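The same chain A turns up in both complexes below, where it pairs with chain B and then with chain C.
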Partner chain A sequence: MSQERRLRILVAKPGLDGHDRGARVIARALRDAGFEVIYTGCHQTPEQIVQTAIQEDVDLIGLSILSGAHNYSFPRIMELLKENGADDITVIGGGIFPLEDIPRLKEIGIKEIFTPGSKLEDIVKWIRENVKPRKMDAA
Partner chain B sequence: MSVVEQVLKGDVRAVARLLRDIDDQVPSTRSILQQLYPHTGNAYVIGITGPPGAGKSTLVDQMTAYYRKQGKTVAILAVDPTSPFSGGAILGDRIRMQRHFLDKDVFIRSLATRGHFGGITKSTHDMITVLDAMGKDIIMIETVGVGQGEVEIAECAHTTLVVTVPGLGDDIQAIKAGIMEIGNIFVVNKADREGAKKTVQELRNLLEMGKKFRMETGAGKNGWDPPVVETQAHKGIGVDTLCGEIEKHREYLTAQAPEELEQIMLKRALHQFSATLKDELFKEVIKRMEGKGLKLEDVAKKIMAKEIDPYSLSRTLIKEEFKEDA
Partner chain C sequence: MGNKIFSESAIERIEQEYKEWLKDYEKALQKLPERLERFSTVSDMEVKPLYTPLDIKNKDYLEEIGFPGRYPFTRGVQTTMYRARLWTMRMFAGLGTAEQTNERFHYLINHGETGLSTAFDFPTLMGYDTDSPLARGECGRCGVAIDTIEDMQRLFAGINLEEVTTSMTINPPASVIWAMYIANAENEGYDRKKLGGTIQNDCLKEFIAQKTLMLPPEPSLRLVVDTVEFGTREVPRWNTISISGYHIREAGATAVQELAFTIYDGITYVEECIKRGLNVDDFAGRLSFFWNSHIDFFEEIAKMRAARRMWARIMKERFKAQKPRSMLCRFHVQTAGCSLTAQEPYNNIIRTTTEALAAILGGCQSLHTNSLDEVYMIPSEFAVRIALRTQQILADEVGVANVIDPLAGSYFVEALTDRMEEEALEYIRKLDEMGGMVAAIEKNYPQMEIADSAYRFQQQVESGEKVIIGINKFPSEIPPLEVIHIDPEIERLQIERLHQFKERRDKVKLQKALDELRKRCEGPPCWENNVMPALIEAVKAGATEQECCDVYREVFGTYTDPASF
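Now for the complex of A and B:
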């Protein structure tokens, strides 16, 4: 029996930008931290991201976005999670965000936003402190 | 509604959660599996194995498209390796399967090996039970990229595909032992590459040499000759032929060689039973041992310090614990 269940994380890139270097670096850092990371590549629609999160039973979705379309895709993802009864999954974002957008994103339920210059160890630390794996007997 | 009812109804969220609980060995999953077991036996299980980068995920994507066109429902288990150092994993097989994400009749799950050797995960057999019970017609198991000896996939699949690519070495070094013997169908992917014809020819030669052995020992006894199929998975070329060969193998198993099919089912049942029994026995013995104040870690330390050896300790424990019950 495993003492502590392993955290499962979806690293996803919504929208049209193809800059996935950051997402890959994050995925690698999360792997090294001992998490199981599902990486699905670029150009994901909100619908694809939510379906993947459900099928993979993840505890956390990390959205990487550099295109500036976060004000569309992030609310849509939150909406779809709710519609599918999966709003217990924590969602965080990383990438380039105008500072004035951040409070609004947090208002719709994005738990944290990491902007350029964030340290990998800080992201891992935040996850360890704020995301707990789904309870074992919940099924 | 109970988890069992939800699974039988095909509830994706319930299935996804149950699969994780199985992977994490949550004790309550045992009774759920027990209740699902009578509802299984309808799915056709296809194993896809081969070295890393051979194009297994892309093939699975194409085969999924083929089966969906036929109106069949599909489940995919895709295995990637766990880091032996951190215990973490990057599971990236889905990248190749994006076009099926929104199809409600396709269920995809990425799995990490979690220290299990053999190409699949410890939980794969039980997961097949769940996916079968949820009503999927086709279940595809994509193994971790394998070398030579990871043959466990043949114990859960009705049809096993061994996928290779041109240029892996003379006489197909990478697959000549072990997995060479478990393929019901061989696939030379990336067949537009230089050397493809040579790889196909070498494979056919190897299969020809092994023919006598196959005829005498089982697979092949009833006349199944593993075909070699050329594909270019990224363009979808050869996929129809491949799926046609799978269908032929299926027909062969059901019509021509029911005893071979029975052998496959028997092996699977035996594997499932012995794996479960070993697991339960181990847990039971450890529980009783710890009940007497003997911690597993302390025992390991004693073994390391050569105060005791693992062989006699195991025997003593079994003798002591099961004396009265036996």
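Now for the complex of A and C:
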């Protein structure tokens, strides 16, 4: 049996929102915590994000959005993951979300939402406790 | 150098006394040590316990501080400053449809706002119409959706465009949106020579920080120069670039980085305009700046004072400007969005007030004060009214607008102003060595400098070294707050309206206008190929924002985020 591999994480910015301070700080913090991190950069469509996640064989997608367009992009990403048989990838979100949107986002399968003021160490801890490397099909 | 503030003998005596005082201080610390291991600004610049004449002992008053409205303008760009005219109270506003935003404009004007500032939604900022697949879910969320000249007409309905100045935060598509503004104003019977306002039009800071990315740097600069050239000839009251530090700071830069990168962006624009053949004194007077006012009170005041002195010296010495007007760092200020907290949001009123006070003491020409709920959403009427009233209270009740540059001569403020300038000049030397800002951007240099500062700050917050009340000291939950909601239905309505508009256009006339735009883009940059006249014709013929920007994208290519972290 091979050793359990390091978690691979995709930090992604859906939509036209250019506020990337949070995404880049988180990407760096996750890398410093020992994860393998891929960052998409800004202005990604749901299709591009899901494609990158599959190609890069990630265990977790962290979506960062501050524009308020999450009610379109988050459900679309979840739908595309399912269509591509990749819905075992854990998805979390970070950014600005009206409080009443959070239960709806969790209903569609977003595992956790981190709002402004979240501590980096809490995010790292959450990932360590809740995300395991995906089992890859031999095919 | 006969203008030293202190005589040599006075300095000698002060120095002796200072040494004695330091001994007292050390002794006192043995009884009760300092509260912190290290005292520093929010930008992590360490500060001493006390500043004295010794810190400014070499200061030449006339050379370095001088008088308001006189070189090097450290004390202000106008002779009379707020004694004659207050700063323009200009609240950044935009939400939903053009009608909704127009309503907000009138609300603000009715409550005493003195200038307009438009926030566009993300599709508009990126040069996409609301019906683009890339715009899904974004319509009207972070600002107003503007696709056509008719949207522009609705946006400014009932507002006198020769009386009110309008600022528009728009960057890669700035030329297109400006053309729509001019075309609409002309349709309404206004004279373009009398229109006053600002387009942000600062493409460099997009690559550095704000990431509204459309075209590569070189053609982006070409379009900026086209607008400057057109403004110089045709719209002389317009500020054609608002060289912006705001977004650089929000992305995590320190005050010095904000100052240095922004001033260097300004240097780059001036160089590009001169390369086009423009005379520096013909256009430099219409360049304006935009600073962030962050939470560290004295640091911000020092930064703004240093900016004025630096820009004046650069314009005079580096670019040989002759007219004093060309040397003025006139600027807008916005209080720091990134200093606000979602936790205990009413505390944001206090943060914004402090930051606004710094902007006023820093000598701003116009000011936006953030609303307490902007961490959640576009501000509600309730919140934006408090934010506007904050400026009015500072202007009329507190007395800070009565005396020009009242902090000049403060040992600390003058020493900090000097240090801001020195450290920013260090960056400017480095950028010169790198071959300029475009070369530096291609090397990812400013982007990574900012990312490093942002990460360091976050670590300092996590360790408690930097305190944010409600976050890492007296932590509190995010409470539910009454905020405005953008109805997702407006996206469908805006698309429907856009499609109806497209149906009504004279297709032949439109195509001819877009062909002319393309021809000019393909040609060498010069007045005959300036895009502005073609754009004004195109939008009058019904070209949408995206149709014009698609021409840009097809001719010039696109640029994607290098995704460094």
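As a convention for this text, the second predicted complex is superposed on the first by the 132 of 139 C-alpha atoms of A that agree within 3 Å, B and C clash if a C-alpha of one lies under 4 Å from a C-alpha of the other, contacts with A are read in each partner's own complex, and residues count from 1 in each chain.
Keep this in mind: a residue touches a chain if its C-beta (ideal position, glycine included) is under 8 Å from a C-beta of that chain, and two chains touch if they have at least 3 such contacts.
Keep in mind that this is a model prediction, so the values were computed, not measured.
In the superposition on chain A, A:51 makes contact with chain B only, not with chain C. Judged by the touch definition given at the top, the superposed model places A:39 against both chain B and chain C.
By the touch criterion stated above, A:116 is placed in contact with chain C alone, chain B being left untouched. By the touch criterion defined above, A:16 lies against chain C but remains apart from chain B after alignment on the C-alpha atoms of chain A.
Contacts of A:8 after superposition on the shared chain: chain B is touched, whereas chain C is not. In the superposed pair of complexes, A:134 makes contact with chain B only, with no contact to chain C. When both complexes are overlaid on chain A, the residue A:27 reaches chain B and chain C alike.
Once both structures are placed on chain A, chain A residues 27-28, 31, 37, 39-41, 45 are touched by chain B and, in the other complex, by chain C. Within the complex formed with chain A, the chain B residues making contact are 3, 12-14, 16-21, 24-29, 32, 82-83, 85-92, 94-95, 98, 101-102, 107-110, 112, 283. Put simply, chain C touches chain A in their complex at residues 122-123, 125-126, 128, 133-138, 141-142, 206, 210-213, 250-252, 338, 341-343, 375-377, 451, 454-455, 458-459, 462, 468, 470-471, 478, 480, 483, 485-486, 488, 560-565.
Per the touch definition, chain A reaches chain B in the complex via residues 1-2, 5-6, 8, 27-28, 30-41, 44-45, 47-48, 51-52, 54-57, 84-86, 134, 136-139.
Residues 11, 15-21, 23-25, 27-29, 31, 37, 39-43, 45, 67-73, 96, 98-100, 115-117, 119-121 of chain A touch chain C in their complex.
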